[in-house]
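Two complexes, one shared chain (chain A), two partners (chain B, chain C).
Up next is the complex of A and B:
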């Protein structure tokens, strides 16, 4: 049963990721991307990582994609001249990275030992994750929130400069 | 193996019952709303089709389905059709985490009247509640009409801001209950004997605001403001394609969010056992429909906010209030709990 769920969810994820790359219209890209995010959330559910799935849904599928859609839909695409050629320079840089990624993934698939998720995950995801986050990883957690705060202030300052000038 | 078959059958039955009940109820809520609005405005509402106009939803459905399908010019056909599903599916999915009553036993197995008893049910509600915005957003964009598009942009802005407030408002209840599981939340209210609305009146009012905003009800229905935008995002849809949008947004979404509000603030199915074995279910429905009644009442009495005020109201007033409320609750739980 679990294997079946994984195969279905995984193939949906792969197809929608491919769709997000290959489709031309920017809005359709967002729809495919949304499908991809949802299938990732589904795979978290299948692995019994409820909290991760919920956060994936709330943060990515709702907040971030809504912002993307909001921005993309307001751009008058018919007035923008789109690049219709072939990305040569980008391809030269992308190919090594592509093969490196494929190699790493293959190496991991054949050599790495995967931990048994079922045994490691506690029944109550939320409280377990909260406990670990606020005891063992409190310093990285606070640092990350501080960096995000700085980024937010920076974004506001940049936005103000544009608005004034 | 026997257990597995039993579980599969139970899940299938649950899904079928929830689907049938919610979709049927969604249709009949149109009748209820029209009757209610009629009496509120000293009219009589639908009376012609059937006794008390009870067959009116069926007649409406038939009328909508037999309309000529008209597609506007220059639309994005795929998205135009997909948006309908994108509006409907999250609204139905919301009912997956609604607990309709206490758990009971069938043939020695404990059965909980909920489709998916998730640990993170409340997070899931936030996600699905705002996922409905995609239906509105893409419907507005795909119809290639300025009215529709402005409506969908308004809806997106509204969802992004009220989602945050909703999260902080419900978080204070989660803090009190110590869990995001709907059964745990109700159980902790039954155990202490006090509904959370007593502890969290501010949070309940904020939740109510967000309920109205997320489901596009007056006074927050700026995305379909009839006076400025005709009917906003769904102006280019016709027939049953149009009918799905109000069904999903005004009825299913409101009903599900009212049920969740009942779980969070009114102790779910708790109440005196005066209806025999079904008293839990009946209490739950009574509370949910009480809230729904309130939503309809607000809808048919209040005027609409201006579009520019709605988002400002969320960020400048509701969000600070909800954060202060949350911090106060955290202190309360830390020192007293």
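Up next is the complex of A and C:
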């Protein structure tokens, strides 16, 4: 059952990721990317990370994808058409390196022995994650909020510059 | 089983690098970076599954935050480059200041 879930989720994730980087039009890229995000959320559910799957759905599939589509619609379409496509030379040279690296790394991981300290995950993922997040990892949590604040200030500054010029 | 999810995450990271190398459009390059971040997330959650601890999921939450702010800043940069210059192919943005 788990294997079946992995095969379905993994094939959807791989096909949609490849589609997202190989399709021409930016709007089609966003549709493939949405499918990719949904498959990643499904893999989080399969790995029993319920809170992260929900966050993935809320943050990526709603906020980020909508933001991308908004930006794509503000840019004039005929200008986008000029710059879609690939760098041909880079594609030819990157393809063997891509397959070589992926083959090597996947071979290494496939033959590796994972750590044997196997414990069961807590039943209630949300409460366990919240407890760890607000006690042991309070500093990274606060740093994350600080990163968001800085990003907000930066986005406001870019927007202002655009309105003046 | 966790090993397979880890391999999936690594594969997605390399797909993202490949996309950054070959694509012309700046928006698609940003999407490729998102694919890389998601690959790292899948690897972290797989590690948290086979270790039986939720610590790695905290790191994935931090990565989610970084991804959100990266999209905000990156798309703001794309729009302002486009308004300023009128192009958005990555090869034409070659000068630092003018």
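Just so we're on the same page, the second predicted complex is superposed on the first by the 126 of 165 C-alpha atoms of A that agree within 3 Å, B and C clash if a C-alpha of one lies under 4 Å from a C-alpha of the other, contacts with A are read in each partner's own complex, and residues count from 1 in each chain.
In this text, a residue touches a chain if its C-beta (ideal position, glycine included) is under 8 Å from a C-beta of that chain, and two chains touch if they have at least 3 such contacts.
Owing to the predicted nature of the structure, the values given are computational and were not obtained by experimental measurement.
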| item | value |
| --- | --- |
| Of chain B and chain C, the chain that contacts the larger number of chain A residues | C |
| Which superposed partner A:57 touches (first chain B, second chain C, both, neither) | first |
| Partner chain(s) touched by A:125 [first = chain B, second = chain C, both, neither] | both |
| Touching partner for A:151 - first (chain B), second (chain C), both, neither | second |
| Touching partner for A:34 - first (chain B), second (chain C), both, neither | first |
| Partner chain in contact with A:69 - chain B first, chain C second, else both or neither | first |
| Common interface positions of chain A, toward chain B and toward chain C | 51, 55, 63, 67, 74, 125 |
| Chain A partner contacts - residues on chain C that touch it in the complex | 1-8, 10-12, 14-19, 21-25, 27-28, 30-32, 34-35, 38, 41-42, 45-46, 48-55, 57-62, 64-73, 75-80, 82-84, 86-89, 91 |
| Residue numbers on chain A that touch chain C, as the complex places them | 2-3, 6, 10, 13-14, 17-18, 20-21, 26, 29-30, 33, 36-37, 40, 43-44, 47-49, 51-52, 55-56, 59-60, 63-64, 67-68, 71-72, 74-75, 79-80, 82-87, 90-91, 94, 98, 101-102, 105-106, 109-110, 112, 114-115, 117-122, 125, 128-129, 132-133, 136-137, 140-141, 143-145, 147-148, 150-152, 154-155, 158-159, 161-162, 165 |
| In the complex with chain B, residue positions of chain A that touch it | 25, 27-28, 31, 34, 50-51, 53-55, 57-58, 61-63, 65-67, 69-70, 73-74, 124-126 |
| Sites on chain B touched by chain A in the complex | 76, 78-79, 82, 118-120, 123-124, 126-128, 130-131, 133-134, 137-138, 141, 149, 152-153, 156-157, 159-160, 163, 167, 179-180 |
